[in-house]
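What follows are several structures.
Shared chain: subunit A. Partners: subunit B in the first complex, subunit C in the second.
What follows is the complex of A and B.
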């Protein structure tokens, strides 16, 4: 177990030997999470607006997409994307296939929360915007979205945490992220408990940071409700 | 874009395998939900007990489980527990243990919210007619809480069902594992993954519909 001597076969030695692969794994996990959150937020907000205000056929399409994504396990989606994309002649590295699958999944979740947030903005706000002669895009930009995005913040942070946890599934298609890095190290030195605990601690730290940043954002953007 | 010819015979030939795998996943989810509910209920009572030495560790348990990837927990339990001298779990049992612990953390939050939402007057009324503490819990608090939390419980069941796909990582033959195996053997990528997706979707939808019936049945107070 935890042993503070620095000799081959101890945790600290093995972690030091593997420091570059660990850092690389950490980087892959964090960059995949960040890219996914970025893409999913951009597309998710657009799709959420489409779900709330789109023409009926657009709403229907978005609804089918969201329900499909929410009904299948993320692992199935990742494997489907990974094996399926190559059929269309798109030979992406596993990393990008994984980021695309995770983004597609998180997009659906963000779209659904944004729809909920938009619909929770009182109808009077939209009407007041109309009354003072704002165009639809202006009403959206200046009236609805500022309120909806604030309400969306807590579930958005939760989605971010889910995404970080979801990146572990990329290890199954062979992306050497934090979990797979630890598995490889464990396969070499059999320090099973030490390295899995270590990985868990790292994930805990990443997620705690995101939760803390989220709480700060919420405080920063909260406003007195009338 | 390449030509792709669908060949559904792969699916029809292996249909039994798919269904068996689906049933296994569903079974894993239900068993884990049941065990997880027991853990969650105990944890929720510990959280609201007001005793620091009880609620502190339970808070840590819930936060650690909720911030750790499930796949890591699965590996930790499956590969790590034997290091502590626990050899007797086979992979299915170890997966059920993991998923139950995972479900327990989420269920405890559900139950805690449920316990918090029960009006104080209910307990006072039960006291007034002379019920003992456990009678108050058994006949007043728990039935009401069960009704309030039923929608969250069904949501949890559906997400647990989707989480059983991770059992593929330790070679438990549930739907994702079987789909992956057939995919590797036959290279019928589209057919296999479309079938797996539709099976998951249909089951999740069926579960949601069924549970909504149950909710409607229990929503009325007779």
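What follows is the complex of A and C.
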């Protein structure tokens, strides 16, 4: 198992030899996660607002999208975006196909979360905004969203954690992210336990960081009480 | 309009589904007057108040503020709803204070007052802050301006809400049972602020169960019963000479508070 000597065939030696591929894998995982969370937050918030306040046809479209995305496995979505779209002449690089598929999935989750958060803001808040003469867009921007976004912080962090774990599925379409990097290393040296344990620890560290940041943000907004 | 009527309601009707809550309300508020709406719960007072500020839309009759119909314009004999922007502009001229305060919990007392000033009246931040400080000290909360709503008592929150409404320099201020959610010992600080506003000439339409306050401060009292105005007049007349059995029995609940 874990052997601290530094010779060929030991974990530390093999990790050192593969350090650049490991760093690259880590980078691919982290950048794909960050981009997905960014896109999904932007689109998810917009779609959540549409779910809560849109015209009926917009609500219906958003609802169909959300239920569809929540109902199918992410892997199917990834395979479809990469292989399926190429049948229609859309050839995306695997990395981007993966980011788009994950974003499409996380958008649905964030949209639904935001809708719930918006609807949990007491009706009196909207009315108070009306009473001082704020227009709808201003009420949304200055009154409802600041409160809703703070309320959705915990589920938003959860979605972030899911996204990081979800990036492992990109290995299926050949994106050399952290998991696939480790698989390739293991294929060379058979240090199965060491490198999968190592990969798991790295994912744990990334997610612990996200959770820690989320908790810090929550503390910062702790004055949001009633 | 030649007279000094600020708010005029004629035949205002409103239904929620099959239930008609307002069955033709006529009412006038003159410039600088305090008009109080009293009546049992379910009599339609709050609904009427909300119609004035377009939180509800009335189905029939008209509500005129400065002679201008609120919420719609008439085009070729047909009522057409005003645009969102026009409705917001009308609302900005009417202030409202709510039973549940409805302060913005993510903003400090000062920021609560400043929001409308900067975003609706487009005042520069520095000026808005000055106005906010002025009104927060008028309601006795200058030192609390940096506090968030949860750090304030109910009475303090309601005073911030009053400052937020009055800082917009509305033509008319609406008060919707603003002391009903307060602990008894906090009621008087809010009523004191309202009395000060009334004395400074603010035009106010007040829904209240604080009969002593209503009798003392109002120029005109309107007793509503089952969606209609049952009796209206100066407080001495309404309290001293209740015409209907329903008003007598309504006032009887406050018996002992004053000599009826």
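Heads up, the rule we're going with is that the second predicted complex is superposed on the first by the 224 of 226 C-alpha atoms of A that agree within 3 Å, B and C clash if a C-alpha of one lies under 4 Å from a C-alpha of the other, contacts with A are read in each partner's own complex, and residues count from 1 in each chain.
What we mean here is this: contacts are C-beta pairs under 8 Å (C-beta built on N, C-alpha and C of every residue); 3 or more make two chains touch, one makes a residue touch a chain.
Here the structure is a predicted model, which is why all the values come from computation and not from measurement.
Looking at the shared chain after the overlay, A:73 reaches subunit B, while subunit C stays out of its contact range. When the two structures are aligned on the shared chain, A:89 is found in touch with subunit B, with no touch to subunit C. In the superposition on chain A, A:142 makes contact with subunit C only, while subunit B stays out of contact range. In the overlay built on the shared chain, the residue A:132 is in contact with subunit C alone; subunit B does not reach it.
Looking at the superposed arrangement, the partner reaching more residues of subunit A, out of subunit B and subunit C, is B.
Once the two complexes are laid over each other on the shared chain, residue contacts for A:124 go to subunit C alone; subunit B is not touched.
By the touch criterion stated above, A:150 is placed in contact with subunit C alone, subunit B being left untouched. Comparing the two interfaces of subunit A, the one with subunit B and the one with subunit C have no residue in common.
Residues of subunit B touching subunit A in their complex: 1-2, 4, 64, 67-73, 75-76, 79-80, 83-84, 162-166, 168-169, 176, 179-180, 183, 189-190, 193, 196-197, 200-201, 204-205.
Here subunit A touches subunit B in the complex through residues 68, 71-77, 79-80, 83-84, 87-89, 161, 164-169, 171-172, 179, 183, 186, 192-193, 196-197, 199-200, 203-204, 207-208, 211, going by the rule given at the top. Per the touch definition, subunit C reaches subunit A in the complex via residues 53-55, 84-85, 88-89, 91-96, 98, 100, 102-106, 115-116, 119-120, 148, 150-151, 161, 164-165, 168.
Per the touch definition, subunit A reaches subunit C in the complex via residues 122, 124-125, 127-136, 138, 142-143, 146-147, 150, 221, 223-226.
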